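The same subunit A turns up in both complexes below, where it pairs with subunit B and then with subunit C.
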Partner chain A sequence: MNRPRFRWHIVVFLAPAVLVYTAVMIFPLFNTLRLALYTEVDQSRVFVGLQNFQTLFFDPIWSEQFWNALGNNFWFFLIHMLVQNPIGIALAALLSHPRLRFAALYRSAIFIPTILSFVIVGFAWKLILSPIWGIAPSMLDAIGLKSLFAPWLGKEEYALTTLALISVWQFVGIPMMLIYAALLTIPEEILEAGEIDGITGAAAFWKIKLPLILPSIGIISILTFVGNFNAFDLIYAAQGALAGPDFSTDILGTFMYRTFFGFQLQLGDPHMGSAIAGAMFAIILVGVCIYLFGIQTRMRRYQL
Partner chain B sequence: MNKARHNPLNTAAMHGALILYTLIALFPVFVILINSFKSRRAIFREPLALPSADSFSLVGYETVMKQGDFFLYFQNSMIVTVASLFFVLLFGAMAAYALSEYRFKGNLVMGLYLALGIMIPIRIGTVAILEMMVATGLVNTLWALILVYTAQGLPLAVFILSEFMRQVSDDLKNAGRIDGLSEYTIFFRLVLPLVRPAMATVAVFNMIPIWNDLWFPLILAPAEETKTLTLGSQVFIGQFVTDWNAVLSALSMAILPVLVLYVIFSRQLIRGITSGAVK
Partner chain C sequence: MRHRNLKIALLGTTLMATTAYAEDVTLTIESWRNDDLTLWQEQIIPAFEAQHPGIKVEFTPSAPAEYNAVLNSKLDAGSAGDLITCRPFDASLALYEAGHLSDLSSVEAMSNFSDVAKSAWQTDDGSVTFCVPMASVIHGFIYNKEAFAELGIEVPTTEDEFFAALEKIKEDGTYIPLAMGTNDQWEAATMGYNNIGPNYWKGEEGRQALIAGEQKLTDEPWTAPFATLARWGEYMGDGFEAQTYPDSQNIFTLGRAAIYPAGSWEISGFNAQADFEMGAFKPPVRSAGDTCYISDHTDIGIGMNAATEHPEAAETFLTWVASPEFAEIFGNALPGFFPLSSTPVELQDPLAKEIAEWRDECESTIRSTYQILSRGTPNLENETWGASVAAIKGAKSPEELGAELQEGLSSWYAPHQ
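The block that comes next holds the complex of A and B.
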């Protein structure tokens, strides 16, 4: 028996994608993790093992910034989970209502902020919230709430929450669209069966639709998690690399950028930058694993 | 029909809620656009008024045209986005075809390997990517960005396209084989035209993040001649921060191309998301 001919066309089809993906994504990813184990002494690279991580977690100068950025990042994520996803689900529930007029129009309009770049969104809100221009205070004045106004982006205690809410405003379109798609797949017969049993309106949403769209909510949660722990652009565009005021809006992305490139008097340090990237990688990996093995496999899926 | 789900009061409340949220979503964009056409005085005196004959002014746009090279930035963004999409679609479709059409050793492993990148953001590898681009002399060229965005877009493209390619009829491909077509001809002439809608979806998904990215242009190609529109407007606004006319005009000029693209492609985008391409 002669062996089957080697099918070269499979190699030709796969090669470009695998080469680019490996060379530009996978290899640098592992190389970054490797660089985290080195440091620079007298312009040459020296292997130091886990020392960079030890510095990052325990040296007071570094660890204070790191835990601050990590804590801020969790707060940033929490606001997205508590504000963005419920609003997205609510909008999707309204839009998926049968025979709602102008649904396509609402959907397209609400999605517009999502397509804008962080630079536009960051500056646009910076201008609107600016006390110099005064749009936000005069609008609050119109409804008698002027006393509530503060320069939110400039105050340490509000800045991070404000930025998180701006980011929510920008990205609410994504959970809305994904949940909307999930709601459309629920067959009419199930809802009618519920109606015969007297389950209508809000009750139908809580008791029938919500359990059926739980898998989509799981996907949205993990997308939000990965997106938030990888965020950088909005904070950089609105507050700069120093993530002011006084680092109160610093998250892992801006911390890594500052460490890697340096700022003002501090020199850039690619090795510490890699260590922070390694920590981000670990956090994202843990999150994705919790989702894949802890949540997704236990979630009940209904055959529709 | 069932009356229980359609009473007029509920309908009114639903429209009310949706209109309110639509206003919240559009208000900032609207304020930026109208004020970019006003004189400095009018911007501050009546920020919410539409530009009138009295307050109309293009002074901001004049400054932007004089000081910033927005046509170059726009061209760079265009080149990077179009070239990256081209490579994502071509390479992605080829790999997706290999994975969905042929059975070979390592098929599953290769599929999983390519899918890894869906969840892991490419930014984590930035330090090593920059080092590599410096070593290969690609830093401050548009090629650096095109390569990165191609790698970033491939995992999801392969995943979505191979789902769709499994649905292409085997009879068609086998008929082609009997007629003596090579595997390459079958792919380019028979299969690709049939998955065109899925390719459009992948293109639209990738287009927005590539066009809007700030991180990689900032790190890999910050030179004046390779700035993308996103980075260019960021730097411009940072320098002209006290010239409100210029800032508002620069923002509007960054918003407009995206809005135009959205109007053209929104149907495709929404159909792509709602058809469950990202399940």
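The block that comes next holds the complex of A and C.
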């Protein structure tokens, strides 16, 4: 029996990726978590253990902002789950219809906003919805519904929902494409077999296609979750670091940015900022774990 | 062969260049004002060099948003310029405390500046001044003169007249009375609360008392401005809640609004944009005959890098910056940024001149939240933005807002505990 030779080429081929990934992802991640355990006293860094987290969760000044941001984040996520993903699935189902004309055109048109920069989307929608120059008020006026118009981005009660819907508009193409791809993999024979058994039209979607694309929907949900809890750009581009009006659009990303880098006269506090980043990391980790161990393992898979 | 000649020639020129420089001292200025690069290169530096042969000056600005970070790393690495443009208050104070800025208290030319002018670059007890004040911005209201003439409105001096004017503009309906929005939040605090506020808290008197802990933000002088702001809401344009700062500027310069709550830094932009005649009036006083107070906010100073190799030359330059000659060049090249020196400066721009004259009639103060009070968490300045917006929208009563701000301030600031 020959002992198998140690396969050096595996190490050699993995090394560049491992090194680069460690240098730009793993090391900064752990260093940020480490930074959260320190604070600055008289221009020198002091180890304080979990005190920053205690401040974040229990000091009323900090915890109020933290829970507000977390609550807003959940609302932001909920809107995406309730609006973006169902619409994405519906669009994919329509697009995969064999007799739909111009399917490729619709597909590109709906997907294009996804490749736009957040800054462009933020400013474009701010202009569209502007009560002064925007086309939204004049369009509503043209159909006699001017009374329905409100300066949505400036009102505490609507601003976050408006931004979430803008984000939905931008990203609805992603679930659409993923589900569309999943729908295309469903073999014709299964659908034909169903047809012979009398399952056609909408019933075919609910009873055959939907169960078969459930794993893709699961993946989309988890991508939405991670994306939403890391969101920052759109809010920052549209409402600024103070996430107005009155912090009603403040999410964990903007809260972290403001704390870490400072804002106007508020000097940056990298230690508290890292603590918030650590909390965000933990929330996302828990969410992903719940999905991986609680949902994905129980999901039924079908051999096609 | 040819290559060697070239090398020798190059070496020769390098040596010559070095010897030429050795006679002159070169001072480098760190700044965030990259907008002002041509002004420095074409006007300020030639004027200085003409009088001080032997000293060369280089202006090397970086981008405003990066300035603090770039400067800090340069100072730590020992590669920063000899002269450092100072941000007001805590950012520069931190540099002084870290030993990066020299103490300039003994520089004779410092006596050209008032205490308010110097307050932005002093230690908390006022014993050490570490930057020469360069310029301030003044708050007030800029108005459309043609609109006022058309509607037959006199320039208001008291608050009653101010609101009567707003009411008249609103009734007429041609113009939006007040060009301001609350979307970006800071205008409400900076051009709202801190614009009209000094008339309520009596400028420096109230501001110092607040810092000392003798007055509280729940006191009448500090909550009353919120009550006045609450009345502004109905005169601001439709959908002001989502109106941004550039929106407000455009509405005014397009001639769609009559009055713009302003900071003087708007002057050059407005001169370029607006094709109607503009005038300015100071924040109206509460009742006729009251002393007026204006927010004359210190914004730019310049100090000496403690590690400079040419302290004498740097001091010569700073002394010149403190002189009336510099003030005149600077004030005229950048209308709206007013020199802080006590000697009056002849300004050419009519609007800037009108605003600068308020200094003779009124008492000057700076924005109430900038010195010392915005050091802790929650940050009083940021909180004031939110509070001013809430006041304008009528979301909370002035008393509630005062109580909230006071609670935040007392949570970390010892004189208020």
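Here is the rule we go by: the second predicted complex is superposed on the first by the 290 of 304 C-alpha atoms of A that agree within 3 Å, B and C clash if a C-alpha of one lies under 4 Å from a C-alpha of the other, contacts with A are read in each partner's own complex, and residues count from 1 in each chain.
One rule holds in what follows: contacts are C-beta pairs under 8 Å (C-beta built on N, C-alpha and C of every residue); 3 or more make two chains touch, one makes a residue touch a chain.
The shown structure was predicted, so the numbers you read here are calculated from the model rather than taken from an experiment.
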Touching partner for A:Phe293 - first (subunit B), second (subunit C), both, neither:
neither
Touching A:Trp206 in the superposition: subunit B (first), subunit C (second), both, neither?
neither
Contact-wise, after the overlay, does A:Trp133 reach subunit B, subunit C, both or neither (first, second, both, neither)?
both
Given the touch rule stated above, what does A:Leu184 touch, subunit B (first), subunit C (second), both, or neither?
first
Answer with first, second, both or neither: which of subunit B and subunit C does A:Leu91 touch in the superposed model?
first
With both complexes superposed on chain A, which partner does A:Phe58 reach: first (subunit B), second (subunit C), both or neither?
neither
Mind working out whether A:Leu242 is in touch with subunit B, subunit C, both or neither, as first, second, both or neither?
second
Winner on subunit A touched-residue count between subunit B and subunit C: chain B
Shared subunit A surface residues [contacts with subunit B and with subunit C]:
133
In the complex of these two chains, what residues of subunit A are touching subunit C?
43, 61-62, 126, 129-133, 137, 149-156, 239-240, 242, 244-247, 263-267, 269
The answer for subunit A against subunit B in the complex is residues 7, 9-10, 12-14, 16-18, 20-21, 23-29, 31-32, 35, 87, 90-91, 94-95, 97-100, 102, 104, 106-121, 123-125, 127-128, 133-135, 138, 169, 172, 177-178, 180-181, 184-185, 192, 195, 200-201, 219, 222, 226, 230, 232-233, 236-237, 253, 256, 260-261, 270, 273-274, 277, 280-281, 284-285, 288
Subunit A partner, complex, touching residues on subunit C are 89-91, 98, 181-186, 237-244, 247, 251, 369-370, 374-375, 377-379, 381-382, 385-386, 389-390, 393, 395, 408, 411
Show which residues of subunit B lie in contact with subunit A when the two form their complex.
2, 4-6, 10-11, 14-15, 17-19, 21-22, 24-26, 28-29, 31-32, 43-44, 47-48, 87, 90-92, 94-95, 97-99, 102, 104, 110, 113-114, 116-117, 119-129, 131-132, 147-148, 150-152, 154-155, 158, 182-184, 187, 208, 211-215, 218-219, 230, 233-234, 237, 244, 247-248, 251, 254-255, 258-259, 261-262, 266, 269-270, 273-276, 278-279
